[in-house]
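Same chain, two partners: subunit A is paired with subunit B first, then with subunit C.
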Partner chain A sequence: MPETMNVKLKVKRFDPADSGGKTWWQEYEVDIHPDSTVLDSLIHVREQDDGTLALRCACRASICGSCGMKVNGNAKLVCKTRVVDVAPNGEQLTIEPMGNQHVVRDLVVSLDTFFSQIKRVEPFLKPSYVPEQGEYTASNESMENLLTAMNCIMCGCCVSDCTVLEVDANFIGPAALAKAWRFTEDPRDSQRNERLKSLNDEDGGMWDCTRCMKCVEVCPKGVAPMDRIMELREAAIEAGNTNTSGYRHTESFYKSVKKNGRLDETRLAIDSAGWTNIPRLLDLAPIGIAAMRKGKLPPLIPHKSEDHTRVKELYESVEGESK
Partner chain B sequence: MYEHDVLIIGGGLAGLRAAVEVTRAGADVAVISKVHPVRSHSNAAQGGINAPLTDRGDDWEGHAYDTIKGSDFLADQDAVEIMSSEAGEAVLELERMGVIFSRGEDGKLGTRAFGGQKVARTFFVGAITGSAILHVLFEQSLKLGLNVYEEWFVTKLIIEDGACRGVVAIDLKTGDVHTIKAKAVIMAAGGAGRVFEPSTNALICTGDGLSLAYQAGVPLMDMEMIQYHPTTLARTGILMSEAARGEGAYLLNSEGERFMEKTAPDYMELASRDVVSRAEQTEIDEGRGIDGNVLLDLRHLGREFIEQRLGYLQEVSIEFLGIDMAKQPVPIQPGMHYIMGGIKTDVDGATIVPGLYAAGECANVSVHGANRLGANSLLDTVVFGRRAATHALEYIKNVGAHSEAEEDIASEKARLQALLDRQKGERVATIRNDMARGMTKGIGVFRDQASMEGALENLANVKSRLSGFSIENKGKVFNTDLMFGLELQFMVDCAEAVVAGALTRKESRGAHFRTDITERDDENWLKHTLVYKDETQEHGNRVETSDVTITQWEPVKRVY
Partner chain C sequence: MKYAFYPGCVARGGAPELYDSALAVMERLGIEHVELTKAACTGAGVLQEKNLKMGDILNVRTFAMAEQMDLPIMVLCSTCQGVMSQANHRVKRDPEYLAEINKHLAAEGLEYKGTTSIKHLLWALIEDIGLDKLKETFTRELTGMNMAPFYGCYMVRPSDALEFPAFPQRETSIEDLIESVGGTVTDFAGKTACCGFPILFINQANSMKMVANHTGTAKDLGADAMVTPCPLCHLNLDGYQPKARRQVRGDKADLPVIHVPQLIGLAMGMSEKALGLQKHIVSTKELVRKAEAAPAKV
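== the complex of A and B ==
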C-alpha cells in the first residue's frame, strides 16, 4: 500500500460577513494516509492549508454527532466515512453543509432547527410514579428494544436529507419522531397514548412522512427513523386514533387495491380528505380540473385489474399468516 | 451583560448533573459550553458506571478498597468513601431519570465485570453507556428548561476580591465577547487529552477548565498521573472499551500467548489499567508485538454475544479497520486516555478560590489517585457534580449582588484583538503537534529522568513560539481558528503542570512509572503534588506537596 493518498475536495464555502453572504466553491488537494476518513482530509486542510475553513468535529469516533455534512450530495458523518469508500479511484469529493438547516458558516449549520424539532416531542420520561428506592422493574428485552433509538447521536443527517422537510418546514422530522418512539415504547413511560394522540393529530406529525427511505439510508447509527415512524403509526391506529387524513389515506389505499387490484386515485384523494370535509374537498377541485385539462384525471369509476382476484388472494394469504 | 446565581462551565455529565441539582433547588443557573451539551466528551465513555448495590450482596467498602488499591494508595480515602457510599443512589437515580440500563432476568439492573475489581458491579448500556447517560441528562435539562449558552467559549474567569464572580466568553456564532456574572462558578469542562498525541480524547479535550483555574491561582494536583488505556485501536487511537475484557476477551502477543499471566496471574486481562498497559508495552518493546500492537481477541465470545453486548466496538472495528471481531483479533495498543490529576478540590468540589468549584475530569477530589479504575469516571462525574452544586447553593446564600466592574471585558477584548492582529506567523497546529508529541515521548507509559527533562525542554521551545503564531481567520462568525489558538495556550498550561508534577515525584506509583526508580516509596511519597502558577519561577510554576488522607486502609503492596 502506498504511504499516502491524494484526496481532492471541492468544498462549498459561505461567509456571512462577506457582502450579501457569499457562497462559493473552493478546491483543495491533500496527501494523507490511505486509510484516512473524509474528516481527516478536512482537518488536514484546516490545519495545514486554510485556517478559515469552518467545520464542527470532536470525537472522531462516530459518537458525538458533530461532523454531519453532505458528501457527494448525501448526508454523512464524515469521521466514519473513509475516503476510499466514497472516492475509490481518487475522484474529487463534493463537500457541502447539511441541508434543511440554516448555514452559519462554511460547513457549520445552525442547531436550532434540529433541536426545536426534538423539543416538540417532549423528549423526557414521564412516569406515573417514581420508585422511592431502587429502580423500575422492566424486562431486558423491552429495554434493549429501545437501544435502536438510543443509538441516535443527534447528528442531523436524517433531517438534512429529509425530502418532506425540503418542502414543509413544519414537519416534526425523522429524528424527533424516532425520539418520540423511544418514549412510547418505554414501559416506564405513562403517557404513551397521549404522545401517540398528539403526534397523530399534530400538523406536521407522524402522517407527514412520505416513506421515501432517505433517513434510513443516511442515518450513520442504524436508527432507521422511518421504521420508527411506521411503528408509531401502527401504534397510533391500534390506540384508536383513526380520525386523520393519514389513517384514511392508508385505509383507502388498502381497500381499493384489495377490491380492484389497483389504486383508485380519485377515491383515495376524497377518502383522505374525508367525504364531509367540504373546505378540503374544495381545495382539491382545482387540482382535479387542471388534471382533467391535461387529460390526466384518473377514471371516476375505477377499472379493475385483470388479475384483481389474485391480488385479493394475496391479501387473504398475508392476512391469514399474520393472524 | 448576563447574570446568574450559578454558572456551570461544561455540558457533559458533571456539568449537567450539577445543573439539574441547582435547578431543582430553584436557583438561577446556566450552563456555558464551547459545544452543544450532547457533543460533550462524556459520550465517549463506553463500558459502564460502577456502583456497589447493597441489595445485590455488594458492599461499598469493597468498591472503595478496589478503588484505593487501583489508585496505588494515592487517592484520598475520605473522598473515596463518599463516592462509594453515594454510588448506588447516584446510579439508581439515573435509571429513574430514564437511562435504559441493561437488565437481568429479574427485570432489575444487570452488571458486567470490569478491571481491578473481583465483583461485577458495572452497570451499562451496551458499549454506549456515556452517550446513553448524557442524552438522558440532556433530556432532563430540556424538561427543566435549563438555560444553556451553546457554543460559547470561556476565555477568562472573573476574580473580584479574591472570589470567582463569573466569566468572560466569546459567543462563537457571532464572535461577540460578553461577561457573564455569577455568584458561583462550577468548572466541569472536562479533561486535557489533546495535550498528548495520540489520545483517545475528542479534539475538544484541551484542558480549558484546568488552565482557567490554574491561571486564577488554584493548584493542579497529581498532574503526572496520566492514564494510558490498554486497548486503543491500531493507528486510529480510537478507544476499545474495557468492557471487551470485562466480557471475557483475551490479550495475546505475537506468539499467541495470554501474556497477562506473567504480570497478573490472578486478575489476568482485568488487572488495573496501568498494569495492563505496562505489560502490553513490555511485550511490544521486547519484540512480541505486531507492528507496535498486541491483539485483543473476542472470537471465543461468538458473534451474537459480541453484537448484542459490544455492538459499538464491532461497528468501530469494521468501519475503521475492516476487521470483523467475531472472525479476527483486533490490533490494539496502549493510548493516552484520561488525566487523573486536575483542579484540587475538597470533597464538596470547592477550590481554594471562594466561589470556584470543580467536578468531573477537570477536577481532582482525589478519588482516582495514581490510576483510575474503569467505570469510575462516570461515577465521579455524577456524585461530585451533584455535591459541587449542593455546596455552591449554600455558598451563594452569603454572596452579595453582582458587581458592575467592566474592566475584565475590555482587557480580554484587547487581548483577543491583539491575537487577531498578528501578521504572518507559525500555524497553531504545528506548535500543538510538537507539544503533544513531545509530551507522549517524555511522559509515556514508561518514563525516566531523561525523558521527562526532554519533555520539559520541548515545552520550553513550544512556549517560546506562543508569541509567534498567527490566526489566519480574521472574521467574527464561528472563528474556530481563533479558538484553537486560545486552546493551545490552555494546553500548554496543562502540559507545564504535568511535566512539573512528573519531575517532582521521585518514585513509581500507578501510572507514573519511572524506569530509573521502579519502586513505590510510601515513606517519602505518599503525597500529592500541587503545581501552582508562579511567573517568578524559572518554569512559570512552583510545586508543593500535601499528605494523602488515609482513613482505614493502610497502603500495602499492590498485586493483581
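== the complex of A and C ==
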C-alpha cells in the first residue's frame, strides 16, 4: 500500500461577513495516509493549506456528534467515514454543511433548530412517584428495548436529510420523534398517553413523516428514527387516538387488503379524507374527473385477488393471536 | 428468462398504462411470466404501521408461491420491491420468525424456505437481460432527449435489504437505462427523495411542495421528461402536478413523467397507444413527437 493517498475535495464555503452572504465552491487537494477519514483530510486542509476553512469536530471517534456534514449529498459523521469507502478510485468528494439547519460559516451549522425540536417533546422523565429511598429502577429488558434510541448522539444527520423538513420547518423531525419514543417506552414515565396524544394531535407531529427512510439510512448510530416513528404510530392507535387522516389512512388500507386481498384506491382516498369532510371530498373530485377523462380512474367496485377469502382467514388467525 | 409476475395493485388500478406497457415490452424481449393472481397486496408499508407481522405473512405467502414454481418474482413498483425486500430480509435473518410465519401458511400447503429473489423490471433489464442485449431490440436512438431519473424511496433505501452492496449498479440503474436509449441524464438532487405520495391524504400541502419542487427543478434543468420505476411516485408527480405547480410555483404542469417500460418501448419504436402514453395527466405529446422524430438506430 502506498504511504500517502491523494484526496480531492470540493467544499461549499460560506462567510456571513463576506461577499454579501453568498456561497461558493472551493477545491482542495491533499496527500495523506491511505487509512484517513474525510475529517482527517479536512483538518489537513485547515492546518496546512487554508486556515480560514471552518469546521467543527471534537472526539474523532463518532461519540460526540460534532462533525456531521454532507458527503456527496448524504449526511455523515466525517470522522467515521473513510476516504477509500466514499472515493475508492480517487474521485473528488463534494463536502457541504448539513441541510435543514442554519449555516453559521462554511461547514458549521447552528444547533438551535435541532435542539428546539428536541425540546418540543419534553425530553426528560416524568415519573409518577418519588422513590422512598434510592433510585428509580427499571428492568434490564425495558432498558434494552430503549437501546436503539438511546444511542442517539444528537449529531443532526437525520434532521439534515429529512425530506419533510425540506418543505416544512414546522415538522418536529426524526431525532425528536425518536427521542419521544424513548420516553413513551420507558416504564418509569407516567405520561405515556399524554405524550402520544400530543404527538398525534399536533401539526408537524408523528403523522407528517413520509416514511422515506432517509433518516434510517444516514443515522450513524443505528437509531433508525423512522422505525421509532412507526412504533409511535402503532402505540398512538392502540391508545385510542383515531382522530387523524393518518389513522384513517392506515385503517382503510388494512381493511381494504383484508376484504379484497388488494388495495381499493378509491376507498382509501375517501376514507382518509373522512366521509363527512365535505371540503376534502370536493378537493378529490377534480383529480378523479381528470383520471376518468384519461380512462384510468381506479374501479369504484374494487377488483379482488383470487383467493381473497384466504387472505381474510389469515387476518383472522393473526388478529386472534394478538388478543 | 421466466418470472413469477407480481404487477401490484396500482399497475392494475390507477396506473393501467404501466401494466400494459410492461407486458408489451416483456413480450418484445421474450420474457416469459406467470402472473401471481392469488397473491395479496404487499401492504405498502402502510398496513405494516398497524401490524408488521400481518404484512410479513402476506409477503412470505407470495414468496412461497413463487418458490413452489422455482421462479424469481418480478415487480413493477418501487414500493412493492422495497416492502418485499424488507420482509424477505427480515425472515431470512430470523429462522424462528420464519417458522412462526410458515405455520400460518401451512393450511394452504405453502412453506417458504427463503430462496425467492425479487426483482423490479428495471433491475431485471440490467442484471438478467443486460444492457447490450436490450439495446439490440431498440429501433430508435433517443438522442437529444433529456431525462431526469426519479427512483422512489423504496427502490434505494434501506440499501442493505435491497442488496446494494452485492449489486452496486442498482444505485445508477435509471441513469444507465436512460443512457442506453441514447438519452441524456438530467441529474438533480431530488432523484432519491420522497415524491410526497405517502402523505398525500395526510398533509397535502407538504406533498404538493414535494411534487412542485421535483418536477419544477428537473424542468428548470432542461429535462424533457422524468422516468420513474414507481407507479405511486407517478400518481403524485403526474396526477397531482397541475395542482402542485399552480399552488406552489404559480406555473403550469409541463414535465411528463413516464414509467420505465414506456421509456424502453419508445426506444423500441412502439406507438403512443401501445404504451398508454395518452393516459397521462401531463401531456406526453411533445415527448412522443421528439421520440418519433429521433434517428433510427444503426
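One rule holds in what follows: the second predicted complex is superposed on the first by the 266 of 323 C-alpha atoms of A that agree within 3 Å, B and C clash if a C-alpha of one lies under 4 Å from a C-alpha of the other, contacts with A are read in each partner's own complex, and residues count from 1 in each chain.
The rule we apply is simple: a residue touches a chain if its C-beta (ideal position, glycine included) is under 8 Å from a C-beta of that chain, and two chains touch if they have at least 3 such contacts.
On a predicted model such as this, the values are computed, not experimentally measured, just so you know.
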Practice task
Applying the touch criterion given at the start, work out whether A:G73 contacts subunit B, subunit C, both or neither, answering first, second, both or neither.
Solution key: second
Practice task
In the overlay, answer first, second, both or neither for which of subunit B and subunit C A:M143 touches.
Solution key: first
Problem - First (subunit B), second (subunit C), both or neither touched by A:E29 - result: neither
Practice task
Name the contact category of A:E316: first (subunit B only), second (subunit C only), both, or neither.
Solution key: neither
Practice task
Please identify the positions on subunit A that touch both subunit B and subunit C, taking each partner from its own complex.
Solution key: none
Problem - Complex contacts: residues of subunit C adjacent to subunit A - result: 9-10, 12-17, 37-41, 43-51, 53-54, 57-58, 61, 104, 107-108, 153-154, 157-159, 189, 193-194, 196, 198-199, 201-206, 209-210, 213, 239-240, 242-243, 278-281
Handout entry: Residues of subunit B touching subunit A in the complex
Key = 35-36, 38-41, 43-44, 55, 92, 95-98, 100-110, 125-126, 128, 131-132, 135-136, 139-140, 142-143, 150, 173, 202-204, 235-236, 238-239, 308, 312, 315-316, 319-320, 427-429, 471-473, 475-481
Problem - Complex interface listing, subunit A residues touching subunit C - result: 73, 163-164, 166-168, 171, 207-214, 216-217, 230, 233-234, 237, 244-246, 249-251, 253-254, 256-257, 261-263, 265, 268-269, 272-273, 283, 286-287, 290-291, 294-299, 303, 305-308, 310-311, 313-315, 317-318, 322
Completion exercise
In their shared complex, subunit B is touched by residues of subunit A numbered 15-17, 33, 35, 46-48, 50-52, 54-66, 80, 82, 104-106, 108, 111, 115, 118-119, 122-125, 127, 130-131, 133-140, 143-144, 146-147, 150-154, 186, 188
